Every structure is written in C-alpha cells, then in structure tokens.
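Presented below is the structure to which this report refers.
Labels for the chains are A, B, C, D and E, by order of writing; each one numbers its residues from 1.
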Amino acid sequence: MIFETILSQMPYLVHGLSVAIALLVCLLSLGLVLGLLLSVAEVYGHWTLRIPCTVFERIFRGIPAIVLLLLFYYGVTDFIEMGSFMAAVLALGLRSAAYQSQIFRGAFLSVPQGQMMAARAMGMNKFQAIRDIVLPQALRMSIGPWTNEFSSELKATSLAYVIGVVELTRQAKYIISNTQGNILIVFAVVALMYFIVNRAGNWALYRLENRLALPGFEHRGDA
Amino acid sequence: ETLTAGVEAAFPPWAYVESGEYKGIAIDAMRAIAEDQGMDVEFKDLPWPSLIPALVKGRIDLLVTGLNVTPERADALDFTIPWWENDDEILVPKDSDKNLITAMCCGATVGAQGGATQFKWLEDNLASNDDVDVTLRGYEDYVTAIEDMLAGRLDAVVTSTDTAEDFIAKGRPVKIAGTIQQNQPQALAVEKGDPKELLGKINAGIMNIYKSGQWAEIVHKYAPQSSIRDIPTSMPDYVDTYQGDIPGYSK
Amino acid sequence: MSEWFDFAIEHLPYVLQGIPTTLGLWASAMVIGAALGLVLAWARIYGSRPIYLAATVYVEIFRGTPMLVQMLFIYLGLPEIGIVFDPLTAAIIAIGLNTAAYQAEYFRGAVRSVPVGQMAAARALGMGQFQGFKNIILPQALRRVIPQWSNEAILELKYTSIAYAIGVTEITARAEKIGYETFQFFEVFLLIAAIYVVMTSVVAQILLFVEKRVSVPGL
Amino acid sequence: MLLRVENIHKSYGDAEILKGVSFDMEPGQSKVIMGPSGTGKSTLLRCINHLTEPDQGHVFVDGEELTSKNLNAMRQKVAFVFQDFNLFTHLRTVDNVAIGPRKLRGFDKKAALDLAYQELDRVGLSDRADAYPAELSGGQQQRASIARALAMEPKLILFDEPTSALDPELTGEVVSVMNKLASEGMTMLVVSHEIGFARQAADEIIFMEGGKIIEQGPPSQIFEAPQQDRTRAFLNVIEHGGHE
Amino acid sequence: MLLRVENIHKSYGDAEILKGVSFDMEPGQSKVIMGPSGTGKSTLLRCINHLTEPDQGHVFVDGEELTSKNLNAMRQKVAFVFQDFNLFTHLRTVDNVAIGPRKLRGFDKKAALDLAYQELDRVGLSDRADAYPAELSGGQQQRASIARALAMEPKLILFDEPTSALDPELTGEVVSVMNKLASEGMTMLVVSHEIGFARQAADEIIFMEGGKIIEQGPPSQIFEAPQQDRTRAFLNVIEHGGHE
C-alpha cells in the first residue's frame, strides 16, 4: 500500500532530488570560487585583507544554517530581489565558502614552502607563483577533504525548506503527512537516494583525484 | 490581483501536497474565496518559522493554514473571522483499554506536538499539577508522536479534533479515548495592522462561501465526518480585530 | 535590538533549562563516538581485509545518509525487533554512532600522518604492533587530531538539536516551542544562535587550552 | 658466534634486491657495510631484525633462529639505529631512552629513568635529557637514538647510515660516540661511508654491490688493496670527493 | 663587475646572523663559500637575490642595484639552485625546465620546450624528460633543477649546498655537471663543502664564520696554508672524515 504510494509519488521525490542536486551544485560552485579566494587571502594576503576574510569565515561558520537562510531570504532581499532558491544558494554557498576556505588553506599550507620559494627565485611574482605552481598542487591535495564537504552539504540542502525550497526531504514529508505515518519507509527511500548521490559524487571525486595524482604522492587505495 | 497565500503544506486535512498539487480544506476554501472576491490566488509552502517574516516582508499576503487563534499570536497577526472550532482529542492505540481518565493520570506518558496549543494546555493543566502524575513529551510533529505511541513508549497523544479524525481516516490503528472541550477557534491571518486591507475581502468571502453551502461541500470532501459549525464561531475577546466593526462582516 | 533583548531575557530561563540535556547528550555521544571512532580507525588501518571492509561499509553508510534518518531508525525501527530505548538513550546512540564515522576518518588521517619511521623504531625496539600503536602512534596521533576533533565536537554540539525529532526537549526544542506560541520565530532563532555561539566558544576555548597543554615541540 | 646471517634473499615485485647474502659476526666485532646506493644495504640490515621480512634465508642471534614467534624478544637483543633517528616525537629525550626498559624490559619507572640518564651520559647528552627531539640538533638526536638503543642492553647494534643526514661537524660527534662504543667492546654492524670510522673502528669491511657481497676483509686490505675493480672505483669516488 | 655584494647585515629577532658581508664577482668566476653550520651561508645567498630581505647593504648585478621594484626582473638574471632541489612536483621534468622561459621570458610553447630539451641535454637528462620529479633519483633531480636554472639564461647561478642531500655517488654526477658549467664560463657562487669541486673549479674560496668572512683566497692558499686557526680546524674536520 505505502509502496504503491511511494511509487506513485516517485516522480515528485525524484524532482525533489533534482532540486537538491541543483542547489548542491550551485552552492558548492559558489563556495569553491569564493572559498579559494578567501584561502588565498588568508594564506598570502596582507593583514588588512586577512582580517576581514577571517571575520567572514568565522561568522559564516558560526551562525546556524537555518538562521543564515532566514536572514538571506528575509533580510538581504531588501536590497536584492531574489527567490527562495537563489537565497538558499547564497546563504548555503557563502557558508560553504567559509568551510571550503579552510580546506584550501590547509592544502596551501601543505605545499612545501620550497615550491613558492623556487618560483619566486626564478623571478615569478607572487600571483604567478600561486597560480602556476602552488595552486595546481594545492587543488590536487584538496580533493580528498573536499569529499567531506560534498557529503555534508548534500545533506544540508534539506534545510532550505525553511525558506520554501521544496527539495527531497520536503517532498518526503508530504508523503508522510498525507499518509499520517510510514516515516521509516519513506525516509529509508530518501536515505537511499542521498546515499546514491553521495557515493556517485565521491566516486567521481576519487576518480578525479586518482587521475590527477602525481607520482610520489600517496594514492588513496579506497575509492 | 493575485494573492500569495502562505501555507504549511504538511498539515492534512487543511493543507497538503499530493502529486505536486496543493490540496485540503484551507486550499480549496481559499480558492473559492478568491474567486468570490474576483482575485487570483497562488500558494507557497513555508514551514511555521518562515510564515511571519514572509508576511512582514511581503513574500506572502496571508496565512491560510489550520491556524489556532491564541492571545500570543493575536499580538503578532491580525486574524480573519474564525471559520472553524476545534476540540482536543485523546488518541490511544486501537487495542488500548484506556479511557479519558486513565490515559491521563497515574504515571501515564502523554505526547503532543511541542509547539501546538495542545502541548501548552497539557503543560499548564496537567504537567504542572502536582496531583496528576503525568509525564509530558513534546514532538516536532504529530506523526512521530503517534509512531512512538504505537511503539509502546506513550500511553496517549493529544491532538486537535480534525487531526485526530484524519489519523483515523488514514487507517492508523488509533482511536479516540476522550475529548477535551476547548472550542478553540481557527482563522486565517494577515500581517498585523492589515496594511494591504485584505481582511474585509477575506471575511466577506468566508461568509459568502459559507452561506452558499460551498464551505460545507469543501469540508466534507476532506473530512466526511466533520460537523459544520456556524461561521463565525466563537470570537475570543483577546483578539482586537474581533472588537468593534469587523471589516467585511456585519453582526 | 532592545526589543530582542527583552524577548531574550524573558524566555532565556525556560530555554536554558534544556542545557543539561543538550550537554549531557553531546558529551555522551562524543565519548561513544571517540571510542568507536578509534576502533574503526584501527580497523581501517591495521585490520585484515574483512575487518577493513566492515569498518569501511560502516563509515560509508553513517556518513552517506542523514543523521535524522539514522536516529528515527534507532528510535522507531528497533522496537519492531524488540529493542526499545527511551528518547534520550536513542539520541545518544544515534549521534554517537554517527559521529564515530566522522571521528574514525579524523583519527585515521592523524594516525597516517605520523611518520612511518615512528612505528619502525617502535618495532625495532621489540614492541609488538599493538604496543607500538598504543605507546607511540596514538599519543602523537591524538595530539595532531585535536584541531579537527574540536571542529567535529562543535559541529555535533549544534547537531544535538536533531534529537527533538524523537521527543528530546533540549534547548532547540524549548526555543521552538516559544516560537510556536509567540510566532516570533526570527527572534527565537537569534536566541538559539546566541546560545550556541556561547556554548561552542566555551568548548572551543577549552579544547584550545587542552591542545596547548599537551602540545610538544615538533608535533 | 653472535650473529649468523645465512643466504638472505629479498625481492620487491620483480626486482631481486638481495641475492643471497651470508656472513657471521663474533661478539665484540664491528663490521662496516659499504656499497653504492640502491645496492640493498638498508634492506639487508632491515632483514636482519625482520623489520623487512626476507623471502629466503635465516638469521641466528646467539645461536637462536629469528622467527615470527620470538621476533619481539629477539629485537630487544638486536637494536637498530636509523639514518633519520626516528626519535619518538612526543617523548622527552630521557623518556625516549627510558621507554624501552620500562615497557619491554619490566623496569619500574625509577629504574628505567636511572638507566636512561646513565645511557644519556654515555653519549654525552645528560644536559639535554628534558628536551624534546625537535629541540635537539641532528647530531644530538642521533646520539639520543644511540642511547635509546643502548638502554635495551642489546647484544648487537645495527646502524643504517647513522651520519648521512648530518653535516660534517655534527657527523664528528656521532662518529666519536660510535668509536667509543666499539672500543668498549660493543658488537656493531654499521652501514656507512665514513672512511674515518671504518678505518679506525671496523674489524672488517663488507663491500656490497647488486644485492651481493662482492668483497670483504679487514680495512687495511679493502682500502689499500681492493681486489675488485668496482670496489676500487667506488672507494675512489668517496675518498676523493665524487669526481675525477 | 658582474656581482657586487656590499655590507650585508641581517638579524633574526635579537640574533645578528650576517654582520656586514661584502665581496665582488667578475663574469666567468666561480667562488665557493665554506664555513661551519649556522654561520649564515644560506642566509647570505638568499640575501643576494632578496629571497630574504637584508636589513642593510646593497646588491648590484651588472651595475644595477637590486631593489623591490626590479626584483623579479633581476631574479631572472640570478638563478638559484636549492639544496633540496625544489622541483615543481606537479610538472614533468621538461616542463619544470620550460616553465621559466614560457611564463617569464615570453617564449611560445614550442620554443620553450626546445630550449628545455637542450638544457636537459646539457645536464645529461634528456632521457628522463617525461618523468615527474618524484620518479627521479636525487642526483637526477638536482641536475634537472640546474637545467631549470640554465633555461633562464642567467648571468649568475647561486648554489646552496647542491650536493649535501645526495649520497657519495650521486654527488659525483652533480659535481661533474657543475665542473662542466664552470669550465664553460658560467659565473657561479656555490655554498659547498665539496673539496673536490672547490679545488678544481673554484677561483676563490670564501670562508665564513659567525656571520662574517674571516678568510678568502684561491683554493691553493686556503687549503694548503690557511691563515686562521678556525679555518684550519674546520678543513681538518671535513677533509678527514669528521673526527680525530
């Protein structure tokens, strides 16, 4: 009975999943670009640049995601007109930028200092040295920890329902409330869907990591 | 003119989503009211925490959801005339031999939705009363509370009448062990002060669909057993929009 | 702003009564997570193939699915096979099992960041693998893991609010109740945010102190 | 006979690194192993105490064969000093030396510390007992790691290029500790290209190439009249600075 | 005059590492800097191309003073070879050599690669062009890093202990490349304790101690008849294996 219901509602669950994935892709992309800039500023920037970046990072890591979502949808929209989805991308994307900046910062710091030094000694300026020498190495090292961020943001997309983004978890909630039960079965299906996306994403990321792996640097055996 | 109505769409029989469509008493009634008043309406599903800021920021024009009228909420919202009245029901498992009295005393554990009026009532009247030995437990939603009762960890769950009836209608193995008379009015709501001057139109619309019999039809479509109460139902005097002249409604 | 202060002060006492539940839940879950996380990390580094696989599957499942779902299964699913926990216990177990998967990965990373020469030197002295792990690798790995571990600890402190779903009235549950009564959700969320910021800052500060306290030059 | 190494073979994948190495050592002897890089000197040393499992061959210490069963007990008789020291980073110098006696030899805390101070004294490090490894210079670290080996009161110490991570002056302090140990009668098997140490303290030089011992004999013979061309060429390089 | 180093001072915190160092170099000259560890040799070398900013003093290359404005341009004239090579780990050997011409000298891709192959040939590494740094032996890595320096077609190359991370035989291959460069007329300033290189290729030995040059002169003079006790003691240690 419930299986029939779930089956008949499957298109809506899948649609919810596609909303979640779209949100995930947007927020991770925003977080990636901004997180990289932040990390470069935090590692190589002058202190006048470093301090505001650190403040940004602390604020966006410290405030609970739900509060951020509400703030963006109901506060920031005073200045910029945008819908629920855009607000969710901004709120969660900026938060992800704060987290990702720490991943990249770690990666930058783990590139041996000699690399930067050798680049500077050749006559490269700081920007060239970061772009051509340090960044390509740091990005490779970030892929591993980045899988964690991918997994946790995937699940964080479910929070966007508070500002009216109807994603997978909200669709599931509809089924549960319409049948006034079946929490476990419905959520098991949802968990499976998240799990599949998570595995698929991590599989792709680990493949990328192996593709880009350099001789002499440890490969992760377990993908 | 298109109205945007905010609903918490996980709240049958009032408002829910099935196969991507908004359904429920409040949904259909609101559509009828809008038609009656020559307006269009669209719905936006927002959970409770979002409803007030959404109203204030103009993301929605009114709340159309199974909204209990309470003094605290009346401070934050302006209510339309109440179109419904609820009592509270004590739900127990179908095979339970508990009654109104035994389900609510003597070491019983009782559940309710943490933010609901039922929870507050139980807290004020039972849990804080030293003579009654009852443990009260709050849940994020009623479905979990019912599941928990069916798992044997609760003796009873207290819900509003229409929710209780919906559980039974959906075939959950629960029954009503007793009713607590509350006469709790429900209404639609707009932003405090009604800056968009909607109250008059909505109130008029409510009265029109009530008088035309459309209301009874809609209610019975979603809750066949429900008896229709006169609209407006009881109008508590702590609600200031119910004092003096009520726009769109003459006594 | 001052309105919010009045609101906060009015409702703070009620919300704060949830602190013992929140902290108790968090501390117990972190302990379970640390103990189990260490075992999982050990299994994923030194375990034989089947043990490694079992630990890996565990980590994948608990990291790949939402914690809410895990909690609902423990609370509502297990009674169907006769295992019934009260809400607090179920929440502790669920959060503990979940954080164990994350902590395992932190521990694993930390253990692997200890240079292999350390174990070689321990083995060369005549220590067995477990002795080497216990006496040499672990003390170094634990020191290295503190910064990441404190991130996890802080994250979990915020995640304890999920326990509300199964009827544990910790601070978020209490605060939301005020939200439903007054409909001042925004104010309520700011209040919660403030409380968590204070709690997480205290925890972070304590862990920073511990980190400094046990730090060793060169580690 | 204190150590008997019999026909050790070891391959990594397809590459046969050790192709049957055998030799003996008497108590009190010092032997120095030399040979080009990649020849398997480290691998041989690690096979002797089974830090690397040999594919074939046997190792006997004091007449008892090293097996996977008596491994940990035997390793306490055969100490190992690493090229890059591998001091335990989280322990102070004195605790690095004391941990062996304490955890493996059943000493109580006080006895272990007493012994540790004594061994640190022997390598001239008593004043640095409370420092952490990261606070020591390279030479001090290597001396501490020798003290750690000594505290096990081993029958034999294996050294794998103990000075090659050190600069010339720091090398001096480590080599003089090793000279002292040799003169005190410690049995030592040393992979090293320190000609000075080899000439002065070694009873025998073992010259390896391509996974085999190609020449061995007293230093006088090896340095003054090497039999093999390869040995001669190699010694020429290391004695005269690496080029013609 | 190709290089003029004038009165360089450098302190870290309270410690004054360089206490006024001056010297000149003519085109085609090779000079070797020696001295005990911690004396400031690396610091001096790094001050010359401002990898470390000197507190005082001036550096002139080809008559032009090195300032923060012309820094990157000047560094292209003064190449640096590091002790631990610092090849770019994410680039193949040939790309390590080509990246300078490509990104800094305006070569197009093909021209940069051609030049890179040419320089790799010069250091005897053409056959390893496609390997990543981690796939090279230490000696090969150092030769690649020399090729990388050469590809900038610098006026002067600074070497900071280019062989001290290498074992004796690998040292040989790097030293012979350096000898070749010296004989081709490359101007080189080398911090090294390789007596062989110093004797054969250096025009002058600069002996530093305690942040100062305490003795300088042609190798014959420094090695055969050092004026200072300290120089004599140090040379004794490095020439005779680090101990008495």
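What we mean here is this: a residue touches a chain if its C-beta (ideal position, glycine included) is under 8 Å from a C-beta of that chain, and two chains touch if they have at least 3 such contacts.
No experiment lies behind these values; they were computed from the predicted model shown.
Asks: Give the fewest steps needed to get from subunit A to subunit C, where each step moves from one chain to a chain it touches.
Replies: The fewest steps needed to get from subunit A to subunit C is 1.
Asks: Show me the overlap between the contact partners of subunit A and those of subunit D.
Replies: Common neighbours, subunit A/subunit D: C, E.
Asks: Suppose chain centres are the mean of their C-alpha atoms. Which chain sits farthest from subunit A?
Replies: Max centre-to-centre separation from subunit A belongs to D.
Asks: State the chain with the largest centre-to-centre distance from subunit C, centres being mean CA positions.
Replies: Using the mean of the C-alpha atoms as each chain's centre, the farthest one from subunit C is E.
Asks: Please work out the Cα centroid separation of subunit B and subunit D, and write it as a whole number of Å.
Replies: Their C-alpha centroids are separated by 83 Å.
Asks: Distance from the CA centroid of subunit A to that of subunit E, rounded to the nearest Å?
Replies: 45
Asks: Between subunit C and subunit E, tell me the centre distance in angstrom, where each centre is the average of that chain's C-alpha atoms.
Replies: Result: the chain centres lie 52 Å from each other.
Asks: Based only on mean CA positions, could you tell me how far subunit B sits from subunit C in angstrom?
Replies: 38
Asks: At which residue positions does subunit B touch at least two other chains?
Replies: Where subunit B meets two or more other chains at a single residue, that happens at 49-50, 53, 144, 147.
Asks: Give me the residue numbers in subunit D that touch at least two other chains, ranges are fine.
Replies: There are none in subunit D.
Asks: Do you know which subunit C residues sit against two or more other chains?
Replies: Touching at least two other chains: 72, 76, 185-186, 189.
Asks: Mind listing each pair of touching chains for me?
Replies: By the stated definition, chains touch in these pairs: A-B, A-C, A-E, B-C, C-D, D-E.
Asks: Contact residues on subunit C for subunit D in the complex?
Replies: 115, 117-118, 120-128, 131, 135-136, 139-140, 143, 216-219
Asks: Spell out the part of subunit A that touches subunit C in their complex, as residue ranges.
Replies: Going through subunit A, the ones touching subunit C are 62-64, 66-67, 70, 74, 148, 151, 155, 158, 169, 183-184, 187-188, 190-192, 194-195, 198-199, 222.
Asks: In the complex of these two chains, what residues of subunit D are touching subunit E?
Replies: Against subunit E, the touching part of subunit D is residues 36-37, 163-164, 167-172, 175-176, 179, 193-197, 234, 237-238, 240-243.
Asks: If we count contacts the way the header does, which residues on subunit B are in touch with subunit C in the complex?
Replies: Result: residues 48-53, 70, 72-73, 75-77, 111, 114-116, 119-120, 137-140, 144-145, 147-148, 151-153 of subunit B touch subunit C.
Asks: Please output the residues of subunit E touching subunit A within their complex, sorted ascending.
Replies: By the definition above, subunit E touches subunit A via 49, 51, 72-76, 79-80, 82, 84, 86-90, 99-100, 103-104, 131-135, 145, 148, 152.
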